[in-house]
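The next block holds one structure in the form of structure tokens; read it before the comments.
Chain IDs A, B and C follow the sequence of writing; residue 1 opens each chain.
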């Protein structure tokens, strides 16, 4: 065996180990969801059962938490996507002297621990709503959405920025030149250009919100979300119902990933076909000229 | 009312940098007018000033006698074709062409009629439903033209639109552009650094250098009667001989340099003793001609069928080029040769300022 | 100093800074240093207003003011609502004093428990960060430079799923493995190596394992993005010149991928030191981790000012880490957060 083959075997070994480490714990947890044992365990595997899923879906707190998580997720998408979009556009226009301060402010939530964001959110909104008489806003769901949006907006902004960097500003000028108003340029040119990014930002925002714990556990006040209910259950003691929840979540993500991949492949195929058409046209044209 | 475009003392500054300095021009309605100059000469800035993306620091742009200051690009009777074309990738060909009408609130049926008309004008009749990413370079070009014409501008501005095309196609598109302009009859203002484009298409050309308009005239006058050293050397090939004026009359002068004394026309009335450059075109040089003789060695002979380029080195080491027609017999390589030129075809101009 | 004026001042602060920049911009436009269209000319009134309102709401009400309020609160005493704004509501360092020295009635010289938890958190977070880097770097390099397009796509798909499993479930998975009735103890006992189960969770093994697992993928993606941009030809050229593999990585790939390394390390450190789920789920009652202590200030001691002070200390630590990374790597903030 030469050095190259040794290297290949080692790389293969490493990859297997890495993914075993990554998936091992999840798989073991997954198996416990189907074991009749009242305690999450793999051995002995007593008997196959779906009873833990049944228990999970009957768990009232979990279901209330799930509803709240979905509500917060939608709220977060509605707040962070516009804020991130505005943040990215302003980033491109803000004048040089203010740019670094602006960047520091809006990107800082990405580098701030979630618990701190949660804490600061409740402190501020408690005093602010108390002092301004808008106490109804001091609500767990709203605060959780606001706290999460603080950093999820920044993620969205980074997504938009990377797409905007490839934007040809001549498109805006062309539309203006053809008589469009600024608002029309925004609606007809910039937003359609950013549409793929809007979609991925929305998906990302929703998922980040849904799985968030650190910020939510502070900002949710006396309400509950799926993750906070889950945290409470896990601290009380282990039950295979929690494994069942994990399996459900993993199944949904896997399905989502597959759908995403299929959509992306179709999109790629469509783009490739367009390119081929353009190349054909080019060839014919050169032949004719 | 005619839609003349008038530049009245237009100066554009960016901070300390002056991109355009005191431009004065009147472009007549229906003219094909080109701005020709090297990159960075300010021609694009002028175009953007006319289209309304930049307001002049001083002076005024008037279209049809109306001062355009404060009127945005979307309110001017101009349409601009961008160097990158800037076709909207998120729209179909037809939607691109109809965009200007759409933002003007024109009904769909009228819009569709106009789109079909324009698609036919630019010979893209059946391509309306395609995405712009499915088009060839030449087709994209045509869509850009149709899109700009759709809003029925009084002035069409073109910013080097052919520069991305293949050479062969570029020449083809020149004729097409000119033909379209004749058909629609509106003013075309064209920006280019390619003198061939400017000369073949334009009614008149403004040659620009370092933010200044050096000369305005039709192709022939710019080529045959340059009025500055920059125009003489930038438009077409030219041989330059520098020296001092030893004799000056009203219509001719004699210049003395290292290669000897030469006589040429003196259009600017330069005075005796002035430093000057004599320009003579390669095609004006003739072997064996007795007038204005120069001795040189042939260093390079490039036969191109109908033409032959001959590179020469003069006794002072300077390079000269001679262009021979099909019937003329070139000298042999590395031989001593004497050639001369007709004084009427040489022009004596003041040397180019600051290099 | 009386704390009553604190809030109006804090609220006015970001607006004053914004106004100041606005005035400077107007002034510079007058003297001609800024040219081109003004903000509203460029965007139009409607879009311009949307941009300003959205950004102001986000930056001021969701980022700056909450942080400033938290910092402000950390310098206040804990008072019953009736005493707020009264004569005892003055700025004080007592919350920070408590972190260092414990309560005034305690006899110990230092607040050993909290200080030790704090240092342990930082050191463990640094170790976890380094460990994650070593674990992920080969994978990132493999994906970015070696793998074929099809395999890369497959690997990326494999990575996405565990990325979206939330941290409590990840921590729970480790509990299934490490608890006294868990997989490892069962295996060891089944093999006859143990007669009594080992309390891995009580020994904090579970917690550290869970922490090092939790944010693994946040290291992979920045590294991968950075290494992906390295032209393959550079590596081939170095190999051609006879550079050994470790040399190529240390002097070509890593310097090139510096921004990605910095951003992965910063994220993992920040998330680990601020982790709450793994310590809560996997830590025993005696486990030391800083975040649960902060949590307890709020929900056990109901002492928000003290909790704020602790949170601020954690925040300062993260800022210090980011600054250190920037200094060591000679990087700008923009490069780290790309």
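Convention: contacts are C-beta pairs under 8 Å (C-beta built on N, C-alpha and C of every residue); 3 or more make two chains touch, one makes a residue touch a chain.
Bear in mind that the values here come from a model prediction, so they are computed numbers and not experimental data.
**Q** Which chain is most remote from chain A in terms of Cα centres?
**A** Farthest chain from chain A, going by C-alpha centroids: B.
**Q** Taking every chain's C-alpha mean, which one sits closest to the mean of all protein C-alpha atoms?
**A** A
**Q** How big is the gap, in whole Å, between where the Cα atoms of chain A centre and where those of chain B centre?
**A** So the centroids are 54 Å from each other.
**Q** What whole-Å value do you get for the distance between chain A and chain C if each is reduced to the mean of its CA atoms?
**A** About 17 Å separates the centre of chain A from that of chain C.
**Q** Between chain B and chain C, what is the separation of their C-alpha centroids in Å?
**A** 59
**Q** In chain C, what residues contact two or more other chains?
**A** There are none in chain C.
**Q** Please list all residues of chain B that touch 2 or more other chains.
**A** Residue numbers touching two or more other chains: 72.
**Q** Two-or-more-chain contact residues of chain A, please, as numbers and ranges.
**A** In chain A, 181 touch at least two other chains.
**Q** What part of chain A is in contact with chain B in the complex they form?
**A** Within the complex, chain A touches chain B at residues 168, 170-171, 173-181, 184, 188-189, 192-193, 195, 271, 274-275, 277-278, 281-282, 284-286, 289.
**Q** Give the list of chain C residues in touch with chain A in this complex.
**A** 7, 17, 21, 24-25, 28, 34, 39, 42-44, 46-48, 50-52, 54-55, 57-59, 61-67, 69-70, 73, 135, 138-139, 142, 146, 157-162, 164-177, 179, 181-183, 186-187, 190, 213, 216-217, 266-267, 270-271, 273-277, 280-281, 291, 294-295, 298, 304, 307-308, 311, 314-315, 318, 322, 333-334, 336-338
**Q** So in the complex, the part of chain A that touches chain C is made up of which residues?
**A** Residues 11, 14-15, 18-19, 21-23, 25-26, 28-29, 32, 39-43, 82-83, 85-87, 89-90, 93, 95, 97-98, 100-117, 119-121, 123-125, 127-128, 131, 146-147, 149-150, 153, 158, 162, 181-183, 185-186, 207, 210-214, 217-218, 227, 230-231, 234-235, 238, 242-243, 245-246, 249-250, 253-254, 257, 261.
**Q** Chain A touches which residues of chain B in the complex?
**A** These residues of chain B touch chain A: 51-53, 72-75, 78-80, 82-84, 86-90, 99-100, 103-104, 130-131, 133-139, 147-148, 150-151, 166, 168-169, 172.
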